[in-house]
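Here subunit A shows up in two complexes: once beside subunit B, once beside subunit C.
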Partner chain A sequence: MPNFITHQDWLAITPLLIAGGGALIVLLVDLLWPKHSPRAVSLAIGIGVLLAAGAFAATTYGRSYNAFNGGFMLGGFAVVFQEIIVLSAILSLSLFGTFGRDDRMAGITALLLWSTTGAMLMAGAANLMTIFLGLELLSLALYCLCGVADRAASQESALKYLILSSTASGFLLFGMALLFGATGSVTLASLMLPGLAANPLYWMGGGFFLVGIAFKLSLMPFHVWSPDVYEGAPLPVTAFMSVVTKAGTLAVFARFAYALPAGGKLLLPFFVIAGVSMIGGNLAMLAQTDLKRLLAYSGVAQAGYMVAALAGASALGMRYAIYYLAAYMFMNLGAFAIVAVLSGEREEGAQIAAFRGLGQRRPWLAAAMSFFLLALAGFPPTAGFLGKILILAATVNAGYAWLAALLIAGTAISLYAYFKVLRLMYDPHDQPAPGPRTSAPLAYAGAALCAAFVIIMTFYPLTPSNVLPLVK
Partner chain B sequence: MHADLLPVALANYVALSSVIFFIGVAGVVLRRNPLIMLMSIELMWNAANLLFLAFARAWLNNAGHIFAFLVITVAAAEAAIGLAIVVIVFRSRANVDVDEIALMKG
Partner chain C sequence: MGVAGSYPLLFAIWLVPLAGAIVNWAFGPQLKRAAGIVGCVAIGLPFVATLAAWGIATQSSGAAVGANQHLLSWMPGFDFGLLLDPLSLIWALIITGVGFLIHVYSVGYMWPDTAIARFFAYMNFFVFAMLTLVLSDNFVGLLVGWGLVGLASYFLIGFWFFKPTAVAAARKAFVINVVGDVAIMFAIFMIFAKVGSTSFVTVFAHVPALGNWLFLVCLFLFIGAAAKSAQIPLHTWLPDAMEGPTPVSALIHAATMVTAGVYLVARCWPLWNASHDAQVLVGTIGGLTALGGALLGVAQWDIKRILAYSTMSQIGYMIMGVGVTAYQAGVAHFFTHAFFKACLFLGAGIVIHELADEQDIRRMGGMRLRAPVAFFAMFAAVLAISGFPGFAGFFSKDAVVFGALEHGFPWLYVLGIVTAGITAYYMFRLFFVTFFGTYRGDLDPAQVGVTNPVEPAAHEPAHGEAHAPAWLMAAPVAILGVFSVIAGYVMIGSNSPWNRLFTQTFPSQNLAVPALSEGWTTAILFIVMAAGIAIAYVRYATPAALADAPARLRAESQRMPAVLVRLFYFDDVIDWLFVRPSQALGRFFGSIFDPDVIDGAVRGVVRVNTELGEVVRGMQTGLLRSYALVIVFGAALFAVYYALQGVAH
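Presenting the complex of A and B:
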């Protein structure tokens, strides 16, 4: 086995180098500009860099290569995850039109680019070291991003996220150390070794590892951080976090789950907590008055759906999980874009009460918001509906019918929660509450793009069979 | 595994690092001072480091050593960011106590 780094290895991580190096360019331009670089310049460089990284990642589509002695995998689902991550970073960055102080914009853009780099690394990570490195790069930048607003709630959310997430990283790391002890190797492929099931280190290590993963995915008993952090963090950061952390962690979980021999008994408790999240997340949505908290609990349930698709570790389940993740990205970021349009810097539009009478005040915005909420609930003419059907098929096929039953029950509960917001928007007896009028052309464009994709994905399913090669 | 090369039996390392890890967990759960909580988190991470080094010796695999260096580097970055956030949050307060940080109830 060659021990030096080849040309191929560098090509494999070029999209990451573009995104990470682009952050330095943003900072350099800010430094050289008299005073600070304007908001538009930072955002334009950031979006340009992400487009370049995404385009370069797309050229690696269909190629299969194990870079850095199996540390970073190209091929299979890695590139699809990378595209999802880059796209949601672009959409979140476009929401920054009205948020954050002008003089901090370069720093914010750079942190967001680094965070994206970490998530892209997780998408291809194939050994414990690169998983840890990607996860920490993603998280460390996010701690700072949570605290960039001058509001006390924003700083509070940064501290909460820092302490709880670092604790979870501790569990993950301890699990990795035990797994290393069980197999004698840091590669995930070594989990295939026969005779591991007799080793207590393997069971303990796998358990700790999965606790860390469940926290990052915000599955139900480990979700306590997400509502508070989502509520406190600046809105575009919340939007970014809600999709990108899930995408990166789901990729890591998929690699881990698919490396275990025949699914593994180890994962059964994990699917149980996925089921708990579907019910609990949707129940908790009913009590919320803040739309960001509502979307946080919605995210808890949606993460449960995505994990359920992977039950049984079938190749088809992987495709459906990615399809649902892509659909979730567009539905969720679309809803966040509408909230961003309605909100000023103090984020008064994030209260559900701010949607009272929106149907009369701004009919187009209300229609778009209804569309995204219906898609999140899984209503028929949307990608959310098709995604749920596909996940149901995958879980039943894999012999996890009880997960399918929980998914249906959770969806029924969630309908009520989403309809509460819809009723508020269209109640004819409600006087429209005066809301702030902000002009955010980029946020409008983002919302339109998301809506278009939610519809397109219904009629032309992006992932099953025509985009994603079957994962081995 | 080459456990016979170790002067101390491998089980002792596992037991010690488990104890350190759960002291760290207890610190995060029980203490209310964010600085102590950050220290407890470092304890958890370093318990993992100890395990990596013990297993690297037992398996004669350098990857454990490299992993430990990686963890130390990341922990340094994490401590820098963590202390900065603690300073920002508590600049306007007299006491450093997480129970006072309760604008939002999860």
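Presenting the complex of A and C:
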């Protein structure tokens, strides 16, 4: 068994090294700058580093390589997820125009880069160790990020996230240990060994592993942390968390699910809670008064949709899940960008009441917000609509018609919740609530980019075809 | 180079009219009458480009003709592109060529109208939509064009929106056309389900894949074609559509849009070739429409309505031609018809203009002196539509009628011959009553049998301003008159430009030699036509008849058979079958079902949802320990399931 690390291995993780090392550069510049490095410098370095990492990752698209003895699998799948993660990180950074204290900006940027590194590692992780490493790298940085705002709610959210997430990690680690006991190996490929089904350890291990994954994907009933944490965390961090955590974890789940021989029985409870999330998440949206909480519950349901696409582990389902993830990134971050534009340091804009009469005060912003909400609800001609159609096709083809039915029911419920916000924005009887006018050019640019992609993706539905196999 | 493989100007042909529409729409108030120039240029440029393509295409005998420009790919099976093959070339040529002449004419016709920019914006938009329809290389693009021409037609029929009759006619046309649109959509669904593609090339290469759905696909495609081409029983909108300005009637409801059904069947010839049932269906409907339209044309007095029914009848010929798989003949009749029918409409427009919007031919008479250009041009066109030897319609009508016999449909052959006689009769009736004798407009309307005279000039605004130069309207009519004579000459001989163009488009068929030769057919047709003209002459144009015209017209009006006056009761049947039940249904839904059942259910759902939302939110206490408990509880449920599974295996 070759135990040494080759040149190829280093090449495979170069994007990660760029992102992680870039964080150090941000900190170093901050250190060397008289007093503190300005906000713009930290953000510029951060975005530049991410662009470099993304560009390098793109050059490896089309290659397939098992780095670190199969611990990190480089291939179409990993690259696509890494690109989505990097792009979300860039868009999230662009929202930092007005949030957070200037003197903390370097630290925030560095933490966000490390968190991104963790998610990128998850995208390629192909054994239990690297999965856990990536997950913890992602999470540890996020705990800190949740608490960077000078608000009690922010610190509370950080603490809640830390404790609950640790609980989930405990389940995950326990499940991994049992799986190791069943297979005698840490690689996901060993799950394909015959005769595993006779081993109770395999079942229990798989079950606890999935509990940990469900927590990170915030599927019901393991979602309880997300509304509180989303609400308390600084808005750009919430935006980052809502997409990047899901992207990384979805990659891990996909690799796990596609490694199982027949999938079926081991994954069934997971698809059940995905269905529960579609209904429950959308129902819970109805009662929200805070837009970040609303988007948290929306995220619960949307994660359910993405998982549903993977039901049956079909090649088409994988492509459609990736399509929907990319669409979700643009729709969701677009909505966050609008909230960011409307918000000051105290995040008043996140209150749904703050949108009252927005259609008269800021018609363009209101139109953009309506567009993103309609996209999230799945209206044509947006990527959200096409994505849902594709997922429906995939689930029905895979024989999970009940998931498709739940998806349709959940969508119907969600319409009401999204339209509540729309109605508020365009209610002519309501006096416009006075709102702050912040200047956040980066956030505007981010929102415009998201809107453009939500439209473009509808007409050029790029669903990468060379993402399989996920495990070798 | 050329039109083999690629034709760079194809995009210009397609998009310049759209640009014209946008300019006219956006800068209408600034352009004023210059809108007409913009409108004409936006059609003239594509015409030149199309003409060049025609020149190239007819030169390359036997060579592959056709340019295909890819536009964009959507999902697998949805590739959009433009296709210029002989079939779409002919249509594009007529749309831009005749369209250009009609645009020029419109400048004169619409001169006094204050909304001239809006008019030309719609007209240019229509041409763009029609080009989308014929230039698409796939069914979806065709359907998009199909829908857009319906929309443009709706705008233009209702152009004088202050006339309630115009608005009602526009609505009727739109509704019936949407029936057709939906039918085509169903056909596309079926095609995609079986073949997995919407592009013409792929679908026509896999006709057997349609299996026993083939006839259904043809049926639904033809419902769309029938709605657009005013075939029985979906024809009732066309005569009403004459409420639009006369150039609109000429362009949309005579020369181009209403022939889209012919285009669709000709385009889908591989489907029709494979389904004999579809041939019988389409051929029969076409033949019946030809006869029915001609019969109804006999009973009309409104000059535009006579022309509308004759349009319906002539399209019936074309549909019959393509239906019996005599595709080249059907397309040829479209080609010649476009010239002589546009000529007839525009000539009628000159007469109507001259008489300050009078449209009833009983109140005309003697117009050969007041509108000489219209007289000579329309004389040529009337001879052409009657199929007089040497005139354009002769070549194509002959081919259609003989084609029916040749392809084994003798009863359609008989229908075609009978219709030809009636056509000659009512067209010459129109011609004699309008242009011969003395002017009857200053007589008391009741004296010539008009019971409910329309007060002229009541519906068109702002007339009486300075008139446009007369040549603006006369020149296009004269040119079309010339083409009504010569358009058929491109089809003479086996090595004619027409044959060179179509030699590879449609399949050559091995047909049994029919009982009657083509020469006999021509002779029979000529005799029948001559009889029709003779009857019209005896009834309307002998010196005695001319002297006694008012009394004779009054008597004819009173004795007209009710079945023809009420248009075979089609409108009444449709009213009873569809309109009244729909209205009753609408009342039921509006007053009972909607407020109580639907709204009640919606309110119930909202209430239940909100309450459930509160329940879910109730789990959100903000307390860490309760959250942890929820997670552990969920994990416990998982553990139970997996423990059971582990034991079970």
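Throughout what follows, the second predicted complex is superposed on the first by the 460 of 472 C-alpha atoms of A that agree within 3 Å, B and C clash if a C-alpha of one lies under 4 Å from a C-alpha of the other, contacts with A are read in each partner's own complex, and residues count from 1 in each chain.
Here is the rule we go by: a contact is a pair of C-beta atoms (placed from the backbone, for glycine too) under 8 Å apart; a residue touches a chain by one contact, two chains touch by 3 or more.
All figures in this text were calculated on a predicted structure; none of them were measured in a lab.
Peer 1: Mind working out whether A:A40 is in touch with subunit B, subunit C, both or neither, as first, second, both or neither?
Peer 2: Once the two structures are laid over each other on A, A:A40 reaches no partner at all.
Peer 1: After superposition on the shared chain, which partner residues are touched by A:L283: those of subunit B (first), subunit C (second), both, or neither?
Peer 2: The answer is second: A:L283 touches subunit C but not subunit B.
Peer 1: Quick check on the superposed pair: does A:I163 touch subunit B, subunit C, both, or neither? Answer first, second, both or neither.
Peer 2: So A:I163 meets both subunit B and subunit C here.
Peer 1: Thinking of the overlay built on chain A, is A:G147 touched by subunit B (first), by subunit C (second), by both, or by neither?
Peer 2: first
Peer 1: Is A:V211 touching anything from subunit B or subunit C once the two structures are fitted on A? First, second, both or neither.
Peer 2: In the superposed model, A:V211 contacts subunit C only, not subunit B.
Peer 1: With the two complexes superposed on chain A, say which partner A:G184 touches: subunit B (first), subunit C (second), both, or neither.
Peer 2: It touches subunit B, and subunit C stays clear.
Peer 1: If you stack the two complexes on chain A, which partner ends up touching A:V224: first (subunit B), second (subunit C), both, or neither?
Peer 2: Touch status of A:V224: both partners.
Peer 1: Which residues form the common part of the subunit A surface touched by subunit B and by subunit C?
Peer 2: Shared contact residues on subunit A (touching subunit B in one complex, subunit C in the other): 159-160, 163, 167, 171, 201, 224-225, 227-228.
Peer 1: Of all residues in subunit A, which touch subunit C in the complex?
Peer 2: Listed in rising order, the residues of subunit A that touch subunit C are 159-160, 163-164, 167-168, 171, 197-204, 206-208, 210-211, 214-215, 221-222, 224-225, 227-228, 265-266, 269, 273, 280, 283-288, 413, 416, 459-461.
Peer 1: So in the complex, the part of subunit A that touches subunit B is made up of which residues?
Peer 2: These residues of subunit A touch subunit B: 128-129, 132-133, 136, 140, 143-144, 147, 152-153, 155-160, 162-163, 166-167, 169-171, 173-174, 176-178, 180-181, 184-186, 201, 224-225, 227-228, 231-232.
Peer 1: Enumerate the contact residues on subunit B facing subunit A in the complex.
Peer 2: Subunit B residues touching subunit A: 1, 14, 17, 21, 24-25, 28, 34, 37-38, 41, 44-45, 47-49, 51-52, 54-55, 58-59, 61, 63-64, 66-67, 70-71, 74, 77-78, 81-82, 85-86, 88-89, 98, 101, 103-106.
Peer 1: What residues on subunit C touch subunit A, complex-wise?
Peer 2: 72, 74-75, 606, 609-610, 612-614, 616-617, 619-620, 622, 624, 627-628, 630-635, 637-639, 641-643, 645-647, 649
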